[in-house]
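Can you read through this structure? Questions will come right after.
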Amino acid sequence: MSLLFEIIGGALILIGSIFLLLGGLGILRMPDVYNRLQAGTKATTLGGMSLILGVGFLKVEDDWTWMVKALIIVIFIAFSNPISSHALARAMYKRKRYPLIKNDDGNMDAYKEVSENIKKEDKK
Amino acid sequence: MTYLILIFFLLLLMLGAAIYAIVQKDLLYAVIATGVISLVLTALFYLLQAPDVALTEAAIGVALTTIIFIITIRNTVRHEDDYNKKDDLKSAVE
Amino acid sequence: MKKFIVIITLATLGFYLGQTFYELGFGDARFEHGVKDIYLEKTVSELHVANTITSIIVSFRGFDTLGEVTVLFLAATALGGILYKRRHHVGDRSVLFSASRIVRSGSKLLFPAVILLGVYVFVHGHLSPGGGFQGGTIVATGFLLMLLAYENFKVSHHVLSYIESFAGIFFVLFGLAGFYNGGTFLENFMPVGTMNNLFSGGVIPIIYILVGFKVAAELTGLIYTVLHEKD
Amino acid sequence: MTYIFYIALLFMMVGVALAAIRFVKGPTAGDRSVALDTLTTIMVAALVMLAYIFDRYIYLDVALVYGVLGFIGVIVLARYLEGAL
Amino acid sequence: MENLKLTDKLSRFIVSWILLMIVWIAFTTSFAAQELLVGVGITAIIAFFTIPFFTCCTLTILSPTRVFYMIYYLFVFTWELIKSNIDVARRVLTPSLPINPGIVKFKTKLTTDYSRMVLANSITLTPGTLSIDIIDDTFYVHWIDVKTTNPEEAQKEIAETFEKILLKIF
């Protein structure tokens, strides 16, 4: 039983660290801020979650408290990371850093038409 | 050995961020660099087995220093070169 | 002439100061049987506290902590005075406009949890690497989140100042109670309990709760003042 | 088992380095904030792993604080960039 | 904030009390009587003072079917998260960066703020999408590989799996 948990924990840690690496690579390689946010948020969220849970699994037999604390950290990360990346994306759009669009066939940027009105509404 | 490598890596990162914060003309970038410094500093204190100092650094550095620096930027100027062009700094002090 | 007197005075002062330091033996290993061992021993035998640093900060060196909290209060006041500025003239609000709906709902959801984390940190100051200052800062960060997300989030200045004053007064009263019972400022006079329980460490958790309230009120007031704009 | 930690630490260090490169390169403030966000998450994971390596349960509190509060710094920056402050 | 009936308020207070108590137990990771006692007091105080903000849901949220759907949602969400990460990994590691980004919009059937937030967060963490804004009931989503700009089709492609379950929870 202990070996099973060790294998699960080790695998989760390894997968997590690979995804953390991919998150770093993603924000380096992607061409504009929105794509960077996409790669960064997704990869680091899953990477961090799986690594922390892996640590919890390694300890689950000696000390269940590690698992509980790992779970609460994971829940908070899963809730808060998308919020911050959303806030950043909206802020960047408001600063008129429009997203990169490769093949423009008309309506690829649906947000542009409403973003002007939003500013006025917000100021109210 | 591993700890030494980790500590060296983090120190290098922190030094780089600190130099970046000083050299940078855009003060907003310097503020973000300050955030990186406090992040790395937390990890360093943690590695040096001082969790209470690390917790203090984490609690202060994560948002409070950022907001105070940002309010300072808002009340003065964002770019260092605008320093003489606008009289904003003067009116902020008054 | 004036400068001459100043230089003479400073030189005299410097000479005596240097002599004093010389006699003290600055940097000598005079404290080899000094306070360190007493602290380490007393922490376990008398106070039953897991966190030695906490016991030093709050109990053995409690008077210094009072000074530190005062310094923090002064620093917060001075920073508020410098950064406060009537700039936008947009009325009675902390930020110019509310955040997007996702950020608002998210901060509503996370705000109680952040406050609870802060309270957890300062209630468990004697068991974990936390403490009053850290917990208070975390609570203030939670209020910062709400102030950023909502344009009309109100924090009552009166309540904040009352909390701060009462926390300070009770800190001093507990310290003086130590005088009354034992002989020194913040001498422990309450039952110490068993180690690693929540109700242990005598007076330390109470002091940390008071410090936590004080720091939280100070920093929240500071952020609120510098974000807030009046007509 | 220890090799897994070495490998994971190496991967995380490379990830941090790549994010740091983006931090230096990033043309706008938004890119740098993204780098800060990424660094925060990587660092929380690293703190949890180091707590396991040191085998100290109370060290998890630091990671907890960073995990809960980490996004507020980015929201501060985002709100400033939005023009709300 | 809102004008609610007393029973409604009470039920919301109890929900947030229970949730905060769970969080407290997770923080302390201890079932000692002292911790639980202190926790009950502290969480009651915090829940009482944050009633104007944390009005997520009434006690009906804890009915068995909804709890079942929540757990089901968790599994669906985890699966989508893994899929999205494999997707990201594939895109990042391909040398030519196969992306075709753009912003699309679609309408949602969800009504409450919290369900919309959960949907937006889920969208951010699922394959190739990043929610940018919600205006009334329209989501604006940055899509790394735009397949369609038609709102209905986009809704089917991005949000339908989550929306169906969320409609049953909230």
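Letters A, B, C, D and E mark the chains as written, and numbering starts fresh at 1 in each.
In this text, a residue touches a chain if its C-beta (ideal position, glycine included) is under 8 Å from a C-beta of that chain, and two chains touch if they have at least 3 such contacts.
Given the structure is predicted, the values throughout are model-derived calculations rather than measurements.
Steps from subunit B to subunit C, taking the shortest chain of touch contacts, total 1.
The minimum number of touch steps linking subunit B to subunit E comes to 2.
Considering every other chain in turn, the ones in contact with both subunit A and subunit E prove to be C. Most remote from subunit E, judged by the distance between CA-atom centroids, is C. Nearest to the common centre of all protein CA atoms is the CA centroid of chain D. Across every pairing of chains, the maximum count of C-beta contacts belongs to A-D.
Ranked by distance of CA centroids from subunit D, the top chain is C. With each centre defined as the average position of its C-alpha atoms, the distance from subunit D to subunit E rounds to 23 Å. Each chain gets one centre point, the mean of its Cα atoms, and the points for subunit A and subunit D are 11 Å apart.
Rounded to whole angstrom, the centroid-to-centroid distance between subunit A and subunit C, based on C-alpha atoms, equals 34 Å. Within subunit B, the positions touching two or more other chains are listed as 51, 54-55, 59, 62-63, 67, 71, 74. Those residues of subunit E in touch with two or more other chains are numbered 23, 27, 120-121, 131, 133. Among the residues of subunit A, those in touch with two or more other chains are 22, 25, 37, 41, 45, 47, 65, 69, 72, 76, 79-80, 83, 85-87, 90. Of all possible chain pairs, the ones that touch are A-C, A-D, A-E, B-C, B-D, C-D, C-E. The part of subunit A that touches subunit E in the complex is made up of residues 19, 22, 25-26, 29-32, 34-35, 37-39, 41-43, 45-47, 65, 68-69, 71-72, 78-79, 82-83, 85-86, 89-90, 93, 99-103, 106-112, 114, 118. Of all residues in subunit D, those touching subunit C in their complex are 58-59, 61-62, 64-65, 68-69, 72, 75-76, 79, 82-85. Subunit E makes touch with subunit A in their complex at residues 23, 25-27, 29-30, 81-82, 84-85, 88-89, 91-93, 97, 99-105, 120-121, 124-125, 128-133, 135, 140, 142, 144, 146, 149.
Taken together, the subunit B residues at the contact with subunit C in this complex read 51-52, 54-56, 59-60, 62-64, 67-68, 71-72, 74-75, 92. Put simply, subunit E touches subunit C in their complex at residues 16, 20, 23-24, 27-28, 32, 34-35, 38, 42-43, 46-47, 50, 53-54, 56, 113-114, 116-117, 120-121, 131, 133-134.
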